[in-house]
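In what comes next, chain A is part of two complexes: it sits with chain B in the first one and with chain C in the second one.
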Partner chain A sequence: MLEPLIKAYNDAVFETDRDAAFAVVDQAIAQGVPAEDVVFHIVIPAVEEMMAQLTLDPDANLAQHFMTAQIAAEVTDKMLARFAHPPEIIGRIVIGTAQGDLHSLGKRIVSGCLKALMVEVHDLGVNVPAERFVDAAVELDAPVIAVSAMMAHTANGPQGPRRVRELLHARGLEDRIKLVVGGAPYRFDDQLYRSVGADGWAPDGVTAGKVIVDLIRARPEELAALALPLEGQENSGRPFVFSRSRGETA
Partner chain B sequence: MSPLEILVAAIGGQPAPRIPVFCNLIDQGVRELGVSPAEFYRNGELMAKAQLALLKKYGHDNVWSLSYVGKEAEFFGCRDILFADDGPPNVADFVIKSWDDIAKLEVPEDITRHPAWSETGRCLSILRDEVGATHPVCAYLTAANTLPTLLMGIEKWLELLMTGPADLIDELMKKCSAFFRQELAACRAAGANVLVYSTPFGSTSFVGKKRFEQFSLPTIRRDLENIDMAGLVFYCGMAPFNDVIASVRREFGFGAYYISPLADLAEAKRLIGDSGLTCGVIDDIHMLRWSPDQVRAEVKRICDIGKPGGRFLFGTGVMPLDVPEANIRAMLDAAFEYGRLP
Partner chain C sequence: MPRLTLIAPDGTHRLTIAAGDSLREALDATELRVRAACGGNGSCGACLVRWIEGEVSRPTAAEYLKLGPEERAAGWRLACQLRLTGDATLALDHPAPPSQWRSIAELPPPIGRLPELEQHIYGLAVDLGTTHIRLSLLDRKSGRRIASRRGPNPQQVHGADVLNRLDAALGSERKAAELAKLARTAIVQALRDVLARDCGEVTPMMAEIGAALVVGNTAMLALLAQQGVAELLAPEHWQSAIDCRPRATDWQAQWYLPHARIDLAPPLAGFVGSDLLADLLACDLCQPDRPALLVDLGTNSELALWDGARLRVGSVPGGPAFEGAGLRRGMPAEPGALCAVTAEGDGFRCQRIGDTDAVRGICGSGLIDATAVLLAQGRLKPSGRFATPPGATGLALIPGEERSSLFAGDIDALQRAKAATAAAMRLLLRTAGLAWADLSRLVVCGAFGHHLNLQHARAIGLLPPLADERIELIAEAALLGCERALLAPGGKEWLGAAAQQAVSLNLAQSADYENLYIEELRLRPMALHP
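Then we have the complex of A and B:
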């Protein structure tokens, strides 16, 4: 029953056609498909499919990444309001741009994908001091800090990810909190992330979603502690458990 | 031959002792003069003084009138620039905060009478007087299709471009194009002889082939309609653009193409052919970590690809401030050595 909807939705996302994607979602709801199934059987697989396709496709472009994340986040928001019970999140992260950096696009793409993948995203905004990243991760018990930096000096300078690494080390948090970076300079030099002390990086926003989810999934002992409702929702009733391999509900 | 004559020879495929060697040392001026970034970037005389000092120090071929990319936003009313001690300034307050602001956006009637022009004009006039007869004097001009990133941020610009009404996008493009054409004329009149047309949204890495044809190409047409193309360089802000070279070459008369380090340089050279100068650009983000020997090897690789057949220039990208001086020297020594022509 869902196959035609899934195909139509995937085509719309790949073509960056937001209106067409929403039309598919509306059609699904009109046909009586539960909002939960729309998210877990249509939206999340589409994000994962786009992650795979955009990584392999040499012609993938920024507009596609942006719209993939935008559509996923908007549809997820719309569907969450219809959920019978709040979904279970798979983890939470803090994200922001490095100190001195005001470029917010990468952060937005990553956040959009992660929200659709049931990751709770705490967006610290732009021009974020390293101390704030670490303080927020500790306060929120977030296992991942994601730092976006689009300029050479914010990606590689002493006040960006390097400072976050120093603080994680100084406070003995390196086992608990992983550092992920993204932004143009890391694309030009794919080993730069190592020299600034990051645990991972991604060449684009959509792939970053996958890298972060993989890091969260790699920490099973903390996932149990993170079985919390999405921000602003109560965890009442039986939560939907997101199958990490196929996006199925249980 | 002077560096300017070498450049002209390279563009025309004429004999010269070596290829042109461009090095974009802009932010380095702050350290060279030992002043604060805010003071430096707001003073055209300091900008010019730094360019001339760096030219003397390193011996490359070109100077820049660009202070920082966000400067163009100041012509539209931006008042808030975030200066950094270790890198270029950012636009901190976008003049277009909502789509409604586009209708209110005003292009100055004469940008040369706008306060934001005075220091750029002053810098250009000093550079023209000092080295304009012998050296390429570069100006940076943001294409209409990319200027909104400075006016509203790339996030909001993509949102508008991908989901907004066509008439509103067109209204914004008309205003941005009107500004571009004025800025081009002003820079040229003030002494710039290399005019870098910066159009990241002309790269399919940004918008894809379909949108390039439906959106980017028409905006480039509008920008360049009846423009004297002498000295104009096609540049997509370090994004690759090999797959649009044929279209751009067919429609416009760019004298040079500034190729992304992420692109296949050999393919770019083949696509450009004799229609213009191929500029092989080193990945200067890697130069933050490379050793001088690695830098030399990369310069050699680039020159080996680009030099055969002539019409080739070696250049740098953003040249971050933290690139070690030893690497800049190694790069330039190697470029002059491997760029020698028979």
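Then we have the complex of A and C:
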């Protein structure tokens, strides 16, 4: 019975038509489809499909990425509020914009996709010192730090990802915490991520979602560490428990 | 307009000449140059051209003085005196070397004058842009513009992007000095071009210049003055005024202007330059109780909203699509560019700049037109996706003309550029609690000059839903405003006071901005309520 809804939703996302996407979701709820099914059977497959398409399409359109990621994040937020039980998360990351950099849009797109994919995102904001990235990742036991940098001197300068790498190394965290980067300078020079000491990079926000999910999935021991019952909630016996991210607003 | 065929040593050129312009005036707006050593009054006799056929004005008294009967019989004429009265063919046997400094066509006369000035009456107005430098030489006493020039900013060898240049300057003192010198030398060269060709003497005239005023974006001013570069790259300073006053003590000597007071009009904030202030002065935006919005479209678009009592300013980065850069077949609005596109059945009717047969590429206004037409034809979806993907060869707007091709990525670049400016406009109006209908004027300056199809701009959501009569397109607004500041008593002080009073908003850092930006990425008219 979900088939027509899935098709209608995919069409709406393909056309980046936010209003149409919400209409499909509202219709699904009105027909009695549980919010969980909307997310897991309609929204997430659409995000994954979009990621697959983008890796195939060399002429992928950034404006379309932004719009589709926004739809995914908004729909997910709306549905999560209706979940009977908190959903499982597949992992947790910290994300932010490098010190000296105020460009927040790329980070927002990555966050939107990750949230729709049930990754808990701790957004540290813009102009984030390297120390704060590392401290937050340790405190939250996040296996991935994602640094967005849109300017040459913030992407490649001494206070950006390079400094995060130095700190991870100095504090012996390199096995536990991976560093990924994104932003225009890494697109212009596709080896730059290596020279600043990152473990991965992505040319656009949506692909970054995929890179991060792959990194999380590749590290089961870190995922196990996340399987903590959260305050006031029973451990459902499932491996991971969702918590609403702190400091993250829709 | 009369059409000219000009046979020069490097080949045959075809030009359209505005009625009333002398041949020399017309050529000064191109890279072709006649020889000249006077201001175009027929006194030096250097600008010789040869008439071959067609309709031209009769020889003037100056030509009778300078040219003998045999020369006149052989068709020799002076380019500064000759006007086309119909189509004609002329030969330019001995041109001056081509110049990258071209006079700016169709500037309205400057406003203001300083009749009480006794000495050093000339003034130099400069709009120092990232890509282009524009300047004009003024007789401040009479309020007359002697000539204007536009040419490339040679700092581009250190990167087309502002940030690359700032990076270079921050990293090395030698590079910082080199960048400053590149801009300064270019301005002096353009000034010498004016003096040599339009005044006939250079060094004595340089000494008669009593004032120079430079407006520009903050980064260009900082690079010129070698002051404020580090602050510009640190976000905590973006909101506040950045001191770009030069510290050099031999500033006049460096400019070869011994008697000039050289001022850099102070910028408003990190990424809001004094070029925006000059725009405001050029169009008198701030009139009591007449709310008005000004947008200076460019790679970094600057905006000013006057709500009738208060001025709010900001800037947003949208990328270089408006300037025709970053597109697969993109180019600036120069001869050979596809500049206007309208629908013709299922196809297109394309117009190019200049009287040239060759299509060299697509400029910003052409891209906006093509996008609006494709959208109306249903060949482009509001998402920016083509109904039938044009593929690797692109969509040729002129069949078989490869340089006229539009690609999926070009649409994407335009979507992001227009979303940035549209979101910034909406956010400014929201901040001031205004609706579109409250605006008495929308002034659009910057990348497009006079060439923007308002209907198309509204259809794709680049401009808000306002009637044509409320929208004004002003070309070269920053230069005109700079001139006005030089020609008005207290003009420079006005710029300073406006800079002090304006409220600078960091638009792109607002959470609302991102929501509006994503909303405005779709190709559709802007929302009726900002």
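Remarks
Keep this in mind: the second predicted complex is superposed on the first by the 226 of 250 C-alpha atoms of A that agree within 3 Å, B and C clash if a C-alpha of one lies under 4 Å from a C-alpha of the other, contacts with A are read in each partner's own complex, and residues count from 1 in each chain.
Just so we're on the same page, contacts are C-beta pairs under 8 Å (C-beta built on N, C-alpha and C of every residue); 3 or more make two chains touch, one makes a residue touch a chain.
Everything numeric here is computed off the predicted structure, so don't read it as measured data.
Steric overlap between chain B and chain C is present once the structures are superposed on chain A. Once the two complexes are overlaid on the shared chain, A:Leu192 sits against chain B while remaining clear of chain C.
Judged by the number of chain A residues each one touches, B leads among chain B and chain C.
By the document's definition of touching, both partners, chain B and chain C, reach A:Ala63.
Across the superposed pair, chain B and chain C both touch chain A at residues 16, 18, 59, 61-64, 66-67, 70, 100-105, 108, 127, 151-153. Interface residues of chain A facing chain B in the complex, by the touch rule stated above, are 16, 18, 59, 61-64, 66-67, 70, 100-105, 108, 127, 151-154, 156-158, 184-185, 187-189, 191-192, 195. Remark: chain C residues 163-164, 167, 170, 233-235, 238, 381-385, 389, 407-409, 411-412, 415-416, 419, 506, 508-509, 514, 517-519, 521-522 touch chain A in the complex.
Considering their complex, residues 82, 84, 86-88, 90-92, 153-155, 158-159, 161-163, 204-209, 211, 238, 243, 261-262, 283, 285-286, 288-289, 318, 320-322 of chain B touch chain A. Of all residues in chain A, those touching chain C in their complex are 14-18, 59, 61-64, 66-67, 70, 100-105, 108, 126-127, 151-153.
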